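Pasting in a structure now, in structure tokens, and then I'll have a few things to ask.
Just so it is clear, A, B and C label the chains in written order, and each chain counts residues from 1 on its own.
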Amino acid sequence: MKGIKTLALGAGLGSLLLSAAWAEGLDGKVIGFSQIGSESGWRAAETSVTKAEAEARGIDLKFADAQQKQENQIKAIRGFVAQGVDAILVAPVVATGWEEVLTEAKEANIPVVLLDRGIEAPEDLYLTSVASDQVVEGRVAGEWLVAAVGDKPCNVVELQGTVGSSPAINRKQGFEEALAGKDNLAIIRSQTGDFTRSKGKEVMEGFLKAEGGGANICAVYAHNDDMAVGAIQAIKDAGLKPGADILVVSIDAVPDIFSAMATGEANATVELTPNMAGPAFDALQAYWDAGTVPPKFIITESKLYTPTDDPQGEYERRKDLGY
Amino acid sequence: MTRPTIDLRPTTQPPYPRARPIHAFFTRPQVIALIAVLLVNWMLFPGFFTITWQDGRLFGSLIDVLNRGAPVAILAIGMTAVIATKGVDLSVGAVMAISGAVAATLVSSGVSAPVAVAAALGAGLLCGLWNGILVTVLDIQPIIATLVLMVAGRGLAQLVTEGSIVTFSDPVLVFIGTGSILGLPTPVVIALLLMIAATLAVRRTALGLLIEAVGVNRSAARFAGLSAGALLLIVYTFAGFCAAVAGLIVAGDIRGADANNAGLWLELDAILAVVIGGTSLLGGRFSIPMAVLGAIIIQAMNTGILISGFSPEFNLVVKSAVIIVILVLQSPLSARMFRGRSGGNSGKAK
Amino acid sequence: MAEEMAAPGGRPVLEAQGIVKIFGQHRALDGVDFTAHAGEVHALLGENGAGKSTLIKILTGAYQPDEGELRLDGTPIQLRNPLHGQSFGIGTVYQEVNLLPNRSVAENLFLGRQPTRFGLVDRAGIVRRARELLARYGLDIDVRAELSEFSVAVQQIVAIARAVELSGKVLVLDEPTASLDRNEVERLFDVVRGLRADGLAIIFITHFLDQVFALADRVTILRNGTRVATQPLAALNTTDVVRMMLGKDMAFEHHPSALAGGPRGAVRVEFKGIGRKGMPPFDLAIHEGEVVGVAGLLGSGRTEVARLMFGVDAAEGGEVRVDGEAVSVRNPAQAVAAGFGFCPEDRKLDGIFGDLSVRENIIIALQAKLGWFRALNHEDQIELAGRYAEALDIRAASHDMPVKLLSGGNQQKVILARWLAIDPTFLILDEPTRGIDVGAHAEIVRTINRLREEGLALFVISSELDEVVAYSNRVVVMRDREMVAELEGDAIAPEAIVEAIAGTTREARA
């Protein structure tokens, strides 16, 4: 248990304490970071964690907010190249159109690391990419549910992310993989909640009405925590107890799901770590110090949190990260 | 003397303020559309019309339609007046986010709820006034003028919330979003009161006629001695106020201000509701109750899709198909065809 | 067929026989015959509602007749739409230039059928051919410049050139002169005469009888959907034509001397030193029961004076007095508060609320004056609208119908009614009879006289001198944005006014 706690610490802001130990190697390095923007709480947390990680390692981080525009990112990268930074981190807003600017960086001999999203470009244009595996996230959530219900029959309703988005597709796929072959579990309804609380609540309301006021529903799986928080309210409004009458499992591990967990209203969440920069910096350090070429894809851990993982403590640790 | 005996009435009767016989109400395309959508919902889900009494409030899918439709209905009330002046307000979604952000941030920093609500409404009024000033004083086209706040407003809301979802448990705000009055959800009651108040305000005074006059021909309105500027300021400010009310409801509903998503794209739903309600984007004749009906039609469709069990990939396709049918039903062409057919029938009967 | 006299030109090109067109219960056209010959200008006259525009729409393909037959060069044709009509050689030029103002003249001429070279638009070719084409119309302009840079007259000629290029057999001119001044009209007429000499059949619709006599060879007169006559104009005079159009003897009451020296009341409104940038200050006092007529060419500053008086353009300096009291007229709302009314020149743009009802159009100024909270109730509105509609003989099937469905003359009367409803002290009428048929025209002239008799002060701008003479106590002549002459009493006569305008104009041009 102690080991798990330590790991949990490492995943959040606490990881600073660990990573600070081997930080000297990057001290004084100048690294540019082109962030997409601040369209979600997770994104804001990623930004603040990246800044904290850089500070702990003595990195001079040049931060550029692209406000959801690729042209701004391209401009920022050109700016970084012109400034002669040591490395560039990019969280790409779209998958295509990067060849030219990344070639410029490559010609200037500046390694580029992609954060949390992939791109369609020759692999030699970037050093590595750090991202979570969304299918695994879905699978971890599904496996938890399979274990939690055991042999009991269980009707699951699913709150999908925005239709056609890759997290929605992949988290659905992973979850279905985990449920495959378990005849006692069935996904009876699946609708999009657009990753938002209010849509999550509205859709859950509809599900509850359509399924005998919730009597037929044993669990809700939400593609993100925000929709789960909305669903929890809908369940309460319908006079049921979330977490007991209807199990709630979701993905992301934002602070509010931990406070729900602390009061027993949510049962499990799978972390999408905002710390993409930590592994990126580690890879850069290994690359510069020992010439180790990292794998093209560094997958972050998809860690499961349940009420036994000190949800109140997790909430406190995360609430100031900008979620 | 021979007076022209030709009937020169327009082929489509625009919404008209005066009382009409009940049967005329039920033959309006909007009412037919609403009934049709509700019946389809009932076929998809037999319990659709079931309403029960639970925990001191009405409970059922039909109530959900009204409750979920309330924010767009409230936006549509303000939007109707704006569109009647030949304008449009794209910023209402962003203003919702601002209003929610202001209220949530204030109550979570210890300010009392009435003050927070007043501040949120004040923020909405200011946003509306800003739009009005851009449109009247600087004479910027409404679609551009309000686009400014549509883009900047959400950023403003994010600044207020510092990018995170500010949650609260203040009973007053929660009541606005999820409470009930006489068994009806608070948002429904608020929308209803606002609709009645706005309708009386425009029809019991000369505001409605003057708004229509400005919308039909702003230049002629000026020549007729109307102060179009003051009128436009009021109309845009009112739209901002409505957006603030809707923003409070949405924030109260999820007990948090989600600056990124609150009211996102709802301006388009509101515009659609107004158009379904028969108010032309070219300005002029308008009807606030019909726009509210339009919002309910849209929500009835959304709820229907939710309970239908269709895969969500079909949502937009189904929605747009239904909307096309409604808009075609209200087009002058179909009105003519309808008229022609019914005329023919009565001819045969004789 | 007895009255169908031989045309001076030659063979019939476009023939319509027994045309019937029914809208609802109403027979807009009831068995009308019409023939346009090659090499003639054939005027089509009739009051609004006579069936003129319906006939034109059938001849050009915009409407399909319910009965009757169209023949082109003796062959029966059925036109599906104006484009189809165009392909048969029937082109139309409307009052409002129907081209793209922000494209070049050359592009406008060849739009939709650009000459191409190797599959690409041949720009040089377009410019060359446009130049050649316009040269035939005596027009030597930069065809690469945007159309909007040229005067309406030039734009009209470009529109005609395009229509003739596209069609080339029949040219329909639908009120082409409504927005042109005298010189421009002459220029347009020269072009039309040239086309007539080339053997085109030209159908000419206008409200100006003098233009009909100046240009047309034959005239067809419609009344209530039937043809009254088709005759060579040489055999007719104005009175004949008006009589046939109206079915009764009718002409303007030409008795200016009756007004000369007549009693007039105290000064009602007084403008002192009213002016603004580009408009030199003017002084003018108008008395109770007085009509001040304004004459002058387009662009002489007539409309600008009216706009200053009504606060549409705010005056820079100067003062306005009503019954001796200084009032502020910085905007139309203040003007209305001061009891002023203004019937603007451009009825459609500045006057009517097309989608609002006749009733609402009548009460709107009064309601604006009363403010937002003193709403006229429905009964009051009905009463007011009814009273003024009757007083001005506004013909509408219902006062609830949109005003845009009324004829131009009735729309003008609605605007007049709107101002009478505020019980005005001073009325400004800018071209009150423009684009209005003869009957309504005479009615409006009579109404102006009646209002004067009731003690109103009026300021009336008109291009029609006969009309100005018929109702003015005083005539102000404008040139180059200044009031250059004032005629009173016996001095008021069309010739005198023309001299006042022309004398100075010639000087200015010399």
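Please note the rule applied: a contact is a pair of C-beta atoms (placed from the backbone, for glycine too) under 8 Å apart; a residue touches a chain by one contact, two chains touch by 3 or more.
Bear in mind the structure is a predicted one, so any value in this text is a computation, not a measurement.
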Problem set entry | Touch-based graph of the chains, sorted into line, ring, star, complete or other | line
Problem set entry | Chain separated most widely from chain C, comparing mean CA positions | A
For this session: Determine the chain that sits nearest the middle of the structure, using the mean of its CA atoms as its centre.
Result: B
For this session: Indicate the whole-number Å distance between the mean C-alpha point of chain A and the mean C-alpha point of chain B.
Result: 36
For this session: Please work out the Cα centroid separation of chain A and chain C, and write it as a whole number of Å.
Result: 71
Problem set entry | Chain centre separation in whole Å, for chain C relative to chain B (CA means) | 43
Problem set entry | Residue ranges of chain C in contact with chain B within the complex | 23-26, 49, 310, 312, 331-333, 335-337, 342, 344, 349-356, 360, 364-365, 367-376, 378, 395-398, 401-402, 405, 418
Problem set entry | Sites on chain B touched by chain A in the complex | 45, 47, 54-55, 59-61, 64, 68, 158, 162-165, 167, 178, 250, 253-256, 258, 260-262, 264, 302-303, 306-307, 309, 311-313, 315-316
For this session: Would you mind writing out the residues of chain A in touch with chain B in their complex?
Result: 38-41, 44, 160, 163-164, 189-192, 194-198, 201-203, 205-207, 209-210, 226, 229-230, 233, 237-239, 256, 322-323
Exercise. For the complex, which residues does chain B have touching chain C?
Worked result: 3-10, 14, 18, 204-207, 209-210, 212-213, 216-217, 219-227, 284-285
